[in-house]
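Same chain, two partners: chain A is paired with chain B first, then with chain C.
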Partner chain A sequence: MEFIINFLVAAVAAGTPLLFGTLGEIMNEKVGHLNLGVEGMMSIGACAGLLAGYHTDNFIIALAAAFLAAALSALVYALLTVTLMANQNVTGLTLTIFGIGLSNFIGIWALEHSETGTLKLPEMITAQMRDIHIPGLSDLPVAGPLLFSYSPFVYIGILIAIVLAFYLNKTKSGLNLQAIGHNPGAADAAGIKVTQYKYASILLGGGICGIGGAYCAMIINGGVWVNNNVGGLGWIAVALVIFANWKPVNAIGGSFVFGALRILKYYVPKSIFPLPNAFYDMMPFLITALILVITSMRKKRNLSLPAHLGNNYFREER
Partner chain B sequence: MKKVLSLLLVLALTLSCLTGCGSSGGDEAETTAAAGAETAAAEEEDAGAEGEGVMPAIAKEDIKVGVIHLSDPAEGSGYTYTHDQGIIGMQENLGLSDDQIVRKNSVDDTNVSEIDTAIRECIEEGCNIIFATSWGYMDTCEALAEEYPDVIFSHGTGYKCNGVNFNNYFGRIYQARYLSGIAAGLKTETNKIGYVAAMGQDNSEVTGGCDAFAMGVYSVNPEAEVYVKVTNSWFDPEGEKQAADALLAEGCDVIGQHCDTPNPQLAAEEQGVWGVGYNSDMSKDAPDAVLTSVVWDWSVYYTKAVESVINGTWTGENYYEGLAEGLVDIAPLADFCAEGTEEKINEAKEKMLSGEWDVFSGLIETNEGEIVCEEGQTLDDATITGGINWYYKNVVVK
Partner chain C sequence: MSQNHYNDREPVIRVVKRAELPDRQITLLRLLALILALAAGGLFILCVGYNPFVIYGTILSGALRSPMAIQATVKIIIPLLITSLGVTLAFKMRFWNIGAEGQIIMGAVFASYFALFHANWNHWVLILVMAAAGMIGGGLWGLLPAWFKANYGTNETLFTLMLNYKALHIVSWLQDGPWRDPGSQGFAKIARFDKNASLDKVLGVHFGWIIALILIVIVYVYLRYTKQGYEISVVGESQETARYAGMNVKKVLLRTMLLSGAVCGLCGMIQATGSDITLTTGVTGGVGFTAIIVAWLSQLNPVTILIVSVLFGILEKGSSVIQSSFGLSTDCADVLQGIILFFVLGCEFFIRYRLVARKKKDGGKERNKGGER
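Let's turn to the complex of A and B:
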């Protein structure tokens, strides 16, 4: 029993960076922009978040810095694809390469100029960002560790997912935003300000990815600078968007399932299932392939998929 | 949209392929030192009166050293940093100037054309000895050594050599791991010690190191068990942290590691327990957790190698040394180590230094009950570097 609880708690922790990345990418894809730069935006968020935390010792400022820096990198993407109509795939891939390179460059530079030869977050912020402990609630059997024992990041991620779901489906503005992803021409004709919506959504999505990056730097890597600290999670997030069927609430479940798949090899006892680790390493990709096959086999047309995804909107060609 | 989906699938597949490649290239070593020595001896006879060296001496001012690094030494800890500290140490020991060292950083050791370019660039810049620090550089070095007979190629953590201008260097890191196991065995209260291993049972370097650590633990605390979790990757910050977290959740209170990042140590620190770092002194990153670290001092070899080139005594033989030469050691013990740790470690160290006993000597029983080394026997170097595919009796694979 305790073993299962440990596993579930670890799965949530492993799924959290994926949750942020997926939510960010959903906001990009909802306005019809396939942004393959998630990994890069997360890296930039990781670097900005860690450095801000290191210098200010304040968790909120670190989060804000991660959000703003990643949103700024998303602005580059938005400028290129929305205004200048550049190819979305190429721009996104470039953003990934650029983001990883820039964050490593700045991280190494800061490391070389640190006094102790290591970039480690100071005490206060570490206490703020680590797993919460609510007297009474956290001590409950089963429910305590499963619900009230995570880092604040987990609750922030779930909150963002719920707010986004509400915004997209229950508000006029959210429905306008989705209309752009399906048919920007019609949305434009209906008087929706397509370009402004696109910019706002892409920037917001980028910022959310940035918080996921901050999680990688501050929690996964224990608040110490390591190069390439996002380590490919951004790519899994891109795939998870399809898994979540472009729905923010599904993204919560999806990322925790993927988190579980990624740590399975450390928790399944080798004495009971002596499977090689390579088998578990393969699982997330196998599941992604399966989901793609299953979704494509469904007879019903997939209405969640933004119909105009991947295509830029040329107003003059309406 | 189909295109987008297929693109995503292709990306996912590519990524999985990359992950696969990353974990397959191992540091598995197989010593051909004997063969190398024979060739060297033959060469010596050819060279005749030229002393024991097989390559002409190069004046100190004319020496130019090329270094091929796997990542960036500026990272401040880990594998590449440790090698670069060795290069810096060599430079200081021999008094070489900065422009006598050429570094090529972040050379992907699975990308042959990148390795080839990096080494050729070094040669073009006038390097006459090249240190290639990672396993994956080996075959490229071997090929280029033939093409450039005037340049010396020295490759780390592999096994090949041609006895003339291409050799291999590595060390008995298991000796230091044994000593660190003593610190871990004395410190543990739950009698469960975790070990985050980069590679599984088929990799002799990692498995042998883990066994040595476990034997160190056993020597002072026969009750304790060593729980091993394998990440299947030489560099996986997330996996290393998760593996350590899983071990901690199972009740381990000391975390040893054979992987690059300090993440297992940070995970231990977060839980208020202890650990044993690797490569460089990780107490810098996790000062409240690290009992000691298993460290390399590559400057010992780099100094010796470059010096021999200057003196004209370069033999082209493989190099495999340990504690006695100072190539491997443990970092200074933390003051929160258990009582008597230092004495026990010094005792074991003495025995190893005097040569009367080494880690893989005497009765060794695996966790499957097999006897792999009889009383009075010692495993030979070829077995140690290439043939340890068993776990010691107190090791449990988790």
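Let's turn to the complex of A and C:
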């Protein structure tokens, strides 16, 4: 029993950066922009979050810095693909290469210019982002560790997912936003400010990715600078968007499932299932590819998939 | 957000498609973008406290200062060049093959099988078999998403992306299990290939560079002067048109992706047997992604691809010299590459479109649609 609880708790921790990345990418794809720059935006968020945390020793400021820096990098993407109508795939890939390069470059530079030669997060912020402990609740059997034992990041992520789900499905503005992803021409004709929505959604999505990056730097890597600290999670997040069927609430469960897949290899007894580690590492991609194929094989149109995904909108061509 | 009334006022500035610019002006605009990009990169270097001219100078001289340095630069250029040619085939067809990484890896895996288990074959037979195996491996890995795209319309961008990681984990499985070198204590890796199974050197670099140069010509001629190449560009322009003209779109799709994957697979074979002399998970070195940038920067033109690959190769090799002389990380190359592409992508807009300011009185009726010549 305790073994299972440990596994589930670890799965949530491993899935959290994916949750942020997925939510961010959903916001991009909802307005029709397939942003392959998630990995880059997360890297930039990781770098900004860690450096801000290191210098201010304040968790909130670190989060804000991660959000803003990644949103700024998303602005480059938005400027190029929304206003200048550049190819989305190429721009996104460039953002990834640029983002990883820039954050590594700055990270190493900061490491060498730091007084102690290490970039370890100071005491106070480490305490602020430690796993929460609510007296009484956290001590409950089963429910305690499963529900009340995580780093604040986990709760922030779930909160963002719920807010986004509410916004997208229950508010007029959210429905407008989804209309843009399906048919920007019709949305424009209906008086929806397509460009503004796109910018807002892409920037917001980028910022959310950045928080996921901060989690990678501050929690997964223990608050010290490590090169390539997002380590490909951004790409899994792109896959997860499909798994979650473009729904923020599904992203919560999906991230934790993928988190479980990432750590499964440490928990499955090798004597019973002698599968190679690589098989477990491959699982998220295998499953996503299967879902991708199966959904495309079904004749029924998938209404969650933004119909205009990947295509830029040029007003004069509608 | 209640804006149901129709807003017929014209925006202050609007975007209009341009008639085609003369080639000279296009080249000029792109050069301007490159210069702006280098200036922006210089600003970045200035911000971290170095003289941009010194850094740029060191990159250039570092990559070309000695025969040894040039050889190292060429070694970086080879995979970039070949892979860019490979993805160009798919991109011409507007098929978003983001899966070059995976195709390179599968090519390397297929070739490595012969390098590991048939190293005693006649050298040239072995090299030819490995090249063929590499092309088959990469080709099949490229064919898979094309088949699903052709039959079910499966999104190829996402599918090829997933295939990259499957290929990667196949290698990590191989080096962890079946192909693990029993001679390596504790550390999981695949044994170094026999000398018989590695590419020969010509002028100090494995002869992959000759293959790359030949491929430029082949791809150029194929795209420009053959019926199949023509079909690719028609399908890329519009599948409807292609169908109307009686082309078998499905066949073109499958054939082109097989070729695109095969070229990338050949690159994998060359990297494994020429550069690494073994198979590792790092066989691609991220080239599959960079190649997409190179291909796009080059407007899918094989000759321009050569130029851009050389430029990127110099940037990458030069950055390693910057690291040793100034202690700046080699990631500098990625940052500069990113900035260059951002600017060139931005400049494309001004090649294709022009901005029209709102006229004061006549409501901005568009006149002179042909653009300014």
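By our rule, the second predicted complex is superposed on the first by the 316 of 318 C-alpha atoms of A that agree within 3 Å, B and C clash if a C-alpha of one lies under 4 Å from a C-alpha of the other, contacts with A are read in each partner's own complex, and residues count from 1 in each chain.
Keep in mind that, in the parts below, contacts are C-beta pairs under 8 Å (C-beta built on N, C-alpha and C of every residue); 3 or more make two chains touch, one makes a residue touch a chain.
If you're wondering where the values come from, they're calculated on a predicted model, not measured in any experiment.
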item	value
First (chain B), second (chain C), both or neither touched by A:Ala244	neither
Which superposed partner A:Ala278 touches (first chain B, second chain C, both, neither)	both
Partner chain in contact with A:Asn176 - chain B first, chain C second, else both or neither	second
Chain B versus chain C as contact partner of A:Asn221, first or second or both or neither	first
Touched partner set for A:Trp235, first chain B, second chain C, both or neither	both
Touching partner for A:Ala14 - first (chain B), second (chain C), both, neither	first
Which of chain B and chain C A:Gly310 touches, first, second, both or neither	both
Partner chain in contact with A:Leu292 - chain B first, chain C second, else both or neither	both
First, second, both or neither for A:Gly191, with chain B first and chain C second	second
Shared chain A surface residues [contacts with chain B and with chain C]	34, 36, 89, 104, 108, 112, 232, 235, 238-239, 242, 276-278, 281-282, 285, 288-289, 292, 296, 310
Chain A-facing residues of chain B, complex	1, 3-5, 7-9, 11-13, 15-16, 19-20, 23, 71-72, 74-77, 200, 229-232, 236-238, 241-243, 245-246, 249-250, 261-263, 266-267, 269-270, 284-286, 396-398
Chain A to chain C touching residues, read off their complex	34, 36, 76, 79-80, 83-87, 89-91, 93-102, 104-105, 108-109, 112, 172-173, 176, 190-193, 232, 235, 238-239, 242, 276-279, 281-282, 285-286, 288-289, 292-293, 296-297, 310, 314-317
Touch list for chain A against partner chain B, complex	6, 10, 13-14, 34, 36, 89, 104, 108, 111-112, 116-120, 130, 216, 220-229, 231-233, 235, 238-239, 242, 262-263, 265-267, 269-271, 276-278, 281-282, 285, 288-289, 292, 296, 305, 307, 309-310
Touch list for chain C against partner chain A, complex	1-7, 14-17, 48, 96, 98, 148, 152-155, 157-159, 161-163, 165-166, 169-170, 172-173, 176-177, 286, 289-290, 292-293, 296, 327-329, 331-335, 337-339, 341-342, 345-346, 348-349, 352-353
